[in-house]
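Some structures to go through are shown next.
Shared chain: chain A. Partners: chain B in the first complex, chain C in the second.
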Partner chain A sequence: MSDQKNLFSSSRRQLLKGLGLVSIFPAISACAATGTSKASAGRVVVIGGGFGGATAAKYIKRGNPAIDVTLVEPNKTFYTCPFSNLVLAGERQLDSIGHNYDELQQVYGVKVVHALAQDIDPVAKRVSLSDGQSLQYDKLLLSPGIDMRWNAIEGYDEAAAELAPHAWKAGPQTLILRQQLEAMEDGDTFIMSVPGNPFRCPPGPYERASLVAHYLKQHKPRSKILILDGKDNFSKQGLFTAGWQAHYGDMIEWVSLSNDGRVVRVDAANKEVETEFGTRHKAAALNIIPPQKAGFIADRAGVTDQSGWVPVNPVTFESTQVKDIYVVGDATVAAPMPKSGFAANAQGKVAASAIVAAFAGITPLDPVWANTCYSLINPDYGISVADVYRVQDSQIIAVEGAGGLSAADASDNIRRSEAAYAVGWYNAISQDTWGTKL
Partner chain B sequence: MIRSILPHKHTLHKLLLVTFFAGATSFVHAEEISSAQVKLIAGTCANCHGTDGKLAGAIPAIAGRPSTVLEAQLLAYKQGLQPNTTVMDRIAKGFSDAELSALADYFANINKD
Partner chain C sequence: MRLVVLYTFLLSLLVMPLQVFADWQRFAALKEKIQDMTPIESGLELTLPLVADDGSAVPLKVTFKGSLAEDEHITRLWILADRNPNPDVIDFEISEHIPRIELSTRIRLGESQTVYALAQSNQGNLWLAQQEVRVTVSGCLMSGDDTTAETVMSQPRVALPRNPVAGEAAELRTMINHPMETGFREDEQGNLIAQQLVESLQVTRADQPVITANFHTGTSANPFVAFFLDQFDELTFSWTDQQGQQLSEQR
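Our next item is the complex of A and B:
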């Protein structure tokens, strides 16, 4: 022990710093707990292996390989919500949107534990896992994604989601909805219930309607799509509406909140919904996207506020409520940044940089984020919204004069390019996040 | 914070003049942006161009391309001078000229493998 103490003495630290090597070591006891003799620059536990968590784990290692990083993710394969609408439309197989953790482990030296994080003790700095293990951390990064608010819509609970899937987490839910679409007869109705803001992937429901329409147009052209919405306007509305008109005529009907679009009750067994003013609608295929909140582990960590989401320091994405816990992705309050995979990846990099800086005792850098959300009206017709974000007066702002929507009067060539770039983007972000080569 | 990274118009003018006479485009690059900061900004490019800008596909790789080419392209996007652009015009407008220049240098110096 005394030797170790010597190793971490301030003069030694200064020497290492001067050599541009590892900058700061955590407390000795912390190091001993890892059970390895190799010096660690600090221990980070990352919970959640989606766009935010996997990116953060990789970029912490890129920033300083001496930081010990453990990623906790229950699934061995992560299925992305982006491009899951193509699976619904029969244009892709589920496998093509699945990603694993091989690169993180083999190339970057991230330890990956496939278990569910069940609880967090922010005082003892300990995470307990479903497999009985517990992990100590110096810094914790949560990328917990969303949980559904079960029963926020009467009758819509976990059991109901097996009959009327949300398909708002990709994987088995995507396949249930795909089967329902396949089972539809020509002339049947597909109903989608969409929540009010905020929720994961603001343009997602409307892309889903588009790609389901693309499928139905080919196979069941007399069918209808009814979108029952909990709000009066939506992301890229003008572009979607024009695209729907051009490609699908009146197949897609959108009912706004003011026109009694908000679903208040679901009878999943009969695929029936009731809206606020008592209108009943019956579907052959029923997709309920319920209201959402931060993934439950955020509650356990004590980082959520009354809204159910996580307020963060915009420069570092550290929780404003609990020290040394950083949170990225859909779970956070980061408006005007959307709850998107792109944004989660971008936030993961900023949080990673802030964590590396914190271990080194350096002031965090000025963050910059970009976001581009592509949506497909059909596989050859893409539209997008883009923005660049920075921090101004302690708030995240969209940089004025930058960003915006695809042009309303863009040519078919531009729409085709955007559809191709949507695929290019998917491949690139999959590579950047998980190392997947597609 | 935003204002501080964008050089005042007259400063920019002066820099451009100096650049013109010196014939060295890299002169403007140096101002105030640390290499760590450039690396962080470059992270925003990887979402579409792959880690370190190396992924070639529908969206081209940017690693290892000449700095002058990248910079000219980025400035053309920012100024709306590149026809048939889909999204890069909207994104480039979110960065100062100095940042775009530093990004061009950063990616030019990455070995594309």
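Our next item is the complex of A and C:
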């Protein structure tokens, strides 16, 4: 008997391997669609149309088309943080990282409302929107992304971000920073301030430094990049440092926390920063990536904890604090999973599966996630770190021995291939999330 | 159904006192300091991240907001971590010249565990605070101390408040570069690397002790301490390492 069980579970694992995450969906969609086609199988409101929310909306519909799904997202076009560093470097146009909601509406029958979700009443199960509407839900899924902690760094508020952009949400902020880079004279300094953990996209600042260096090397080769960091080590540090040395010599200088790298004050008008121990630095282009927290609607829903992030049940991504509210993506405490678009997409599928299962009254399967963070040191030189995650003792753990880091001594050919894989990854996840065909 | 509720209630009565008793009393390093006293479990606040992405430098703040009798002030404060190889993290000797107890530092946590703060007044009263921290090395992150740093002190740093006003409490920060070798770590050949720590930071004002921080293996590399003062002249900051070397800064 136990042998048979093992056989079954190992063959199921094989099957899962073949089909990817989609296969964690309970096989009820066909019955639900035909059996109870007229009545709604339940109402889901999804807030946030980024990697987590758009994916969840689509996969709930794929899991059971009879569920009524409404996606609330203020913007008609969503610009991704992944690949926005290529826009900064002038290697891509902003349009090429913009995605819309046509497929979700036309193919999957998701109702899309372009408004801002302003408040949530978790008792009445109602969301109120900026356009005066209110939406009733049975299950709510939040993918609110991040908000900046304004004034966590003295002098850095919303107004200051117009002068010293964070560009940590892609779109207009990306363009402000691009303009500052374009306005730099040869020999000027670009300064980036990086916060302590946790923050969105751990390798992102270092990829940004790389691609800005790629731009400066071609157009303003005597310029400098100064990274002022609130940490003593960072993602893929060895690979980045070696790549910088090989491609940009000493153009990029990294100042760690213990070398007085933490920025505590910003004078955005003068593009000047002051560090913990009183060192002042002046920039021609100033990029402040401030400390972050879950998007504000998570606070309104009452799902954040004292850290400002959202604790979730890792099997379902349902809030541990408020019933029937699921939260995915950067807003959650899902460590060791990183705050990445890839992770948000995978979590969106897990939450979608849990919601479909809950409406059907069945238990969701234990999830397994993968994540890869590609970073470009230049458009033809890519590095990556990959991990596989699962749940053990009610906590997410990284599976030991799975995944890995690009080899330190890989050839240029391999780096070129990884840069191509990064583009392949971007195209694939854009199609999976928004249906964008690139 | 009602029976189940009743059973749960009775069970909770049984379990509750056990939990209260079991908590810190099981932690020898803490029990040793508290002995048979009863610490006050409010008034002392410990601020730590619930989840730390990097156990090698976890920011910690401890604040005292309890009520004190006349002529009573906090003189000692210990930070302890029960599942570190050595539970001692950092401790402070505090004078009356400290206008308010709000101390910040960075600590090492080898794994997920409960961190404790214990404060003692000159009248012998004790206050206890605790917080659980989950340590996880986040995906796309790397952790670990700098293995190449020299084991000597360098770059003593002091930052006074930007516009200090005598009589107004304001925070000042200190840091010194040093790898804080724990003695628990192996080199590439598998040999234990000898312990090398900065032992203490002593702050004096006009030769009167203000505050002393004693560092242990649970203190992060490059020991960082921030605290509040309301007099900012004639200050001396002296760091001493285990070899007896001393570096001083005057302000």
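By our rule, the second predicted complex is superposed on the first by the 400 of 438 C-alpha atoms of A that agree within 3 Å, B and C clash if a C-alpha of one lies under 4 Å from a C-alpha of the other, contacts with A are read in each partner's own complex, and residues count from 1 in each chain.
In the analysis below, contacts are C-beta pairs under 8 Å (C-beta built on N, C-alpha and C of every residue); 3 or more make two chains touch, one makes a residue touch a chain.
If you're wondering where the values come from, they're calculated on a predicted model, not measured in any experiment.
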Exercise. Using the overlay on chain A, decide if chain B and chain C clash or can fit next to each other.
Key: fit
Exercise. Applying the touch criterion given at the start, work out whether A:F234 contacts chain B, chain C, both or neither, answering first, second, both or neither.
Key: second
Practice problem: Based on the superposed arrangement, let me know which partner A:P198 touches: chain B (first), chain C (second), both, or neither? | Solution: second
Quiz item: Touch check for A:D387: first (chain B), second (chain C), both, or neither?
Solution: both
Quiz item: Given the touch rule stated above, what does A:C373 touch, chain B (first), chain C (second), both, or neither?
Solution: second
Practice problem: Mind working out whether A:A428 is in touch with chain B, chain C, both or neither, as first, second, both or neither? | Solution: first
Exercise. Considering only touches as defined above, state whether A:G404 meets chain B (first), chain C (second), both or neither.
Key: first
Exercise. Minimum C-alpha distance between chain B and chain C after superposition, to be given in whole Å.
Key: 13
Quiz item: Of all the chain A residues, which ones make contact with chain B and with chain C?
Solution: 387
Quiz prompt | Sites on chain A touched by chain B in the complex | solution = 59, 342, 345-346, 349-350, 353, 365-370, 372, 384, 386-388, 390-392, 397, 399, 401-404, 406, 413-414, 417-418, 420-421, 423-425, 427-429, 431-432
Quiz prompt | Residue numbers on chain C that touch chain A, as the complex places them | solution = 49-54, 56-57, 59, 134, 136-146, 155, 157-159, 173, 175, 177, 221-222
Practice problem: Report the residues of chain A in contact with chain C in the complex, numbered from low to high. | Solution: 196-198, 201-203, 231-237, 257-260, 276-278, 305-307, 311, 333, 335-338, 340, 343, 371, 373, 385, 387, 389, 395, 398
Quiz prompt | Contact footprint of chain A on chain B as seen in their complex | solution = 1-2, 5, 34, 36-37, 40-41, 43-44, 46-51, 55, 57-59, 84, 86-87, 90-95
